[in-house]
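Here subunit A shows up in two complexes: once beside subunit B, once beside subunit C.
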Partner chain A sequence: MAKTAAEVVERLRAIGTPGVIGLLDPAQAAEPDPLGRHAPAKAVAPPAVEKPTAGAKPDAEAKTPEAESSAEEKPSEKGPSAEGTKAPAKAGPFGDPHLYVEPAHVAAVLQTLRDDAELRFEMLIDVTGIDYKKDAPVLGVIYQLLSLSHRARVTLRADVPKVDPAIDTAFPVYPAADWHEREAAEMFGLVFRGHPDPRNILLADDWVGHPLRKDYEFPVEYHGISGV
Partner chain B sequence: MTETGTRPAPPPAPRPSTEEDLDRWSGELRSGEREFVLDVKTQDLEVNMGPQHPSTHGVLRVLLRADGEIVTGAQPHLGYLHRCAEKIGENVEFLQYLPYTDRYDYLSAMNNNLGYSMAVEKVAGIEIPERGQYVRTICAELNRIASHLLAFGTYGLDIGAITPFLYAFREREEILHLFEKVCGARLTYSYIRIGGVFNDLPDGWLEELSGFLDVFEEKWQEYNDLLSFNHIFVQRTANVGILPPEKAIAWGCTGPMLRGSGVGWDVRRDEPYLVYPRLDFQVCVGRGEKGTLGDCWDRYFVRVEEMRESVKMLRQLIRDIPDGPVSADVPRALRVPAGAGYVGIENPRGELGHYVVSEGGKVARRCRVRGPSFCNLSILPELMGGTMLADAVAIIGSVDIVIGETDR
Partner chain C sequence: MGLLENKLQENLLTTKVDWLLNWARLSSIWPMTFGLACCAIEMMAVGASHHDIDRFGAGAFRATPRQADLMIVAGTVNFKMADRIKRLWEQMAHPKYVIALGACATGGGPYYKYGYNVVKGVDRVVPVDVYIAGCPPRPEALLEGLMKLQDKIRTQKVVRQIGSGEPAPFVPAPS
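Now for the complex of A and B:
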């Protein structure tokens, strides 16, 4: 059975699941387009944005088994030392490694994660979006999965271009995605193809804009109610 | 509907001719009503429940579609209490966001503080001193009792039993007094902070807590006598709103909602955090004791039993708590190295998840809150279909939602 994110990737590759790009360490996971896949076409783009920082040693005291698997990954690009502060952190990056997948294959990967006997991620805990930067070319879609039988968790990330932020719905695989996807859609302007009920859920039906986008402008007025 | 009064002439064409047709027409209605039913046209009725309704525990609006007394559809409308918590999380510093966490599930603010602090600590790589972990666990469990007491009391209120509510609030008041001594607030504590807790426990507080637990254990039996095994209450809740385990898993239900369906999953035991691995406690699951597995009574009773387990844990914590500092040294303007992490903890209502993404500065890039009430409520249309209108209240109450959390 696969417990850590690295083992999950290994297993997915072993059974030939399409669309698995690889594993992101926590610091990469915080960056938009960490592998330079959506960078504007200029010169020959490097396959990965790699700027190894000197002095950042692999974290010896990883807090969780998930973090341990990322110890071999490259160190943080913007670690505490780069900021020059007295942050209490020893050596980053801390957090969860993310499983990075192609948006076109998300539904298939989720199906495999749920049904494969080695994986058995029965439960979808959360679906959400993320807008990394105002000028980032992509929006992230983040899935949190939980395996009750193997007591394991994995975080899935797919990047969709901001110009066409569409991705297949997870609803047929996990009905739990229903409301989470509605929320992510209204907050980020994501489009979940095939969602059975794509109405707003927390916002009013006629709300303009997507509040969790970094370029969102707060409304000055809504139906005669002053916003300032 | 009475049999007196003028009746319109029955429509000629679809009138049943044989006994078989008659059965099909009258459906599940009792045979005595058959003849009358045949020539009455019925129409679905839309009933608007909430947003101002005493049993929706806040401002939830449910649009019910009813065919007579039978609910054929339920459509929850959310967002009346949306306060943009996640947007605020991206605009204030890590420590400044803490008071906002109090306000999503305002009945278990300690657990909310804890969930957020743990997520930031995970991304920042902060270790908590031993005593700090014990104090955190004590507060989280005590808050769980307070929260379940309110769930217990208001559920009785929903069903029509007013007295248990008063009993529950009597004990809850004691807990709020204890919290007030710790941090000065009765509801929005902001006591558990990034790095540990705000301050050490006051002198003599643990003895006082111990005294409360002695009293509470006796009272716990009263709750069962009053409500849990009360015949009328069992009649109203057993076999109502049945949630089968496979459905609970597929819809992402967590906490007492999942355990009420017989799935033994508790983050405290299965993915231990704080000092839970050192504690001896049972994970309470529904057994279908009074009716079917996963009915409203099972969900209700899981909460009642969890209160007793929390008492058990608190006694062990009081016995074992070490001396030492309660908080790590965390700078006020905390800079968190770039990273992303998810932490889910067992809130009284289910798994409270925080997904924090830091870009390496003082402000989070993303602060996602996964509220258990939000996910547990999403199955409501499934639970309501085909039940009686009067059971709608019993079902909503058994989900135990806090609107501050569904809307955030």
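Now for the complex of A and C:
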């Protein structure tokens, strides 16, 4: 039963699912880190390697939501860090870290997450996008999943280039993604290939621009109605 | 009342007719439900039994604009909805009135600064007779707004001079 993101990564790698990059690696993170939230993870890396079986938390950065999962996260984090990610991912200030996935393999990963007996993430909670900063080269696509049978949550993240923000739709795996992807498409400009009904859902059909991007300019007028 | 146009002088009889017709109109304003957001809850509260709007004669909420006298715009108006509001207002028969209920319909409300999809006040789309402030306004505030509208109707002139039979063209509020 995979309960934390690290266990999910382990299980996916054990099965052999392609496209799983791993947990958050600060060196590869696309978003800016003005508050230095990612930096302390580097300081944590040496103690985790030196004390392989220590159940105690190395320092205050380890803010895991459940106390028991922190003990089992340490040995399982050795898996991803042994395979090449620079620093072990702690649960960040907002909970479990994102599970990075390559955009080309998102559909396969989602299918595995839904169908595998140990993972069983039956429910899609949200599909949304993130625009990190104005000159960031990527847009993030976030999938949040919930496992009712194992009582676990996981967040996936796939980064697509801003110049061609196309990704396969999650609709064949989770039909609930229909409306979520419509909203993400109109708000961020993401293109979900194979979506059954790619219309605007909240905005008008002839809306110009993608409002949740950082470089969005508010409309001056729409159909003769002033917007300033 | 085209029958009375230019047939009667401004005399006591006409004034009584004015009074009678205006009294009949203000005692049976039938609203059209236009609950868009949270203010709709307050409008429903006014329609319920405690703050009864039916005692003002305005309890017959009509869903169709053809049979309604009053459009209570209760809630935030999006650009997407603004087209529909304009169309429905045009489908209402004269005499028709509009109440802007709440901060969003009055002037954009809390979404004034960052609402990219919010019309900053429904008076940019339809002419408004009564504005009711509040977020949301108390049901009693909606009733007071209705009474202000009744005051406005009470002073309307039914018998009109020739040439002034058309309602004034709608000029949207300056932004």
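Simple rule for what comes next: the second predicted complex is superposed on the first by the 159 of 228 C-alpha atoms of A that agree within 3 Å, B and C clash if a C-alpha of one lies under 4 Å from a C-alpha of the other, contacts with A are read in each partner's own complex, and residues count from 1 in each chain.
Simple rule for what comes next: a residue touches a chain if its C-beta (ideal position, glycine included) is under 8 Å from a C-beta of that chain, and two chains touch if they have at least 3 such contacts.
This one's a predicted model, so the numbers in the text were calculated from it and none came from an experiment.
Once the two complexes are laid over each other on the shared chain, residue contacts for A:Glu122 go to subunit B alone; subunit C is not touched. Once the two complexes are laid over each other on the shared chain, residue contacts for A:Pro211 go to subunit B and to subunit C alike. By the touch criterion defined above, A:Val191 reaches neither subunit B nor subunit C. Judged by the touch definition given at the top, the superposed model places A:Tyr132 against subunit B, while subunit C stays out of reach. In the superposed model, B is the one of subunit B and subunit C that contacts more residues of subunit A.
With both structures placed on the common chain, the touch criterion links A:Val228 to subunit C but leaves subunit B unconnected. Of the two partner chains, neither subunit B nor subunit C is touched by A:Met1. When the two structures are aligned on the shared chain, A:Pro219 is found in touch with subunit C, with no touch to subunit B.
By the touch criterion stated above, A:Leu203 is placed in contact with subunit B and with subunit C alike. Once the two complexes are overlaid on chain A, the subunit A residues touched by subunit B in the first and by subunit C in the second are 202-204, 211. Across the complex, subunit C is touched by residues 202-204, 207, 211, 216, 218-219, 222-223, 225-228 of subunit A. The touching residues of subunit B, when paired with subunit A in their complex, are 78-79, 82, 84, 86-87, 90, 122-127, 195, 249-252, 254, 263, 265, 270-271, 328-331, 334-342, 344, 351, 353, 355, 357-361, 365-366, 368, 370, 374-375, 378, 407-408. By the touch criterion stated above, subunit A contacts subunit B in their complex at residues 26-27, 29-31, 59, 63-64, 76-80, 82-83, 85-96, 98, 122-126, 128, 130-132, 142, 144, 146, 148, 151, 153, 155, 174-176, 178-180, 187, 200-204, 211-212. Partner subunit A is touched in their complex by these residues of subunit C: 79-80, 82-83, 116-117, 119-120, 124-125, 172, 175.
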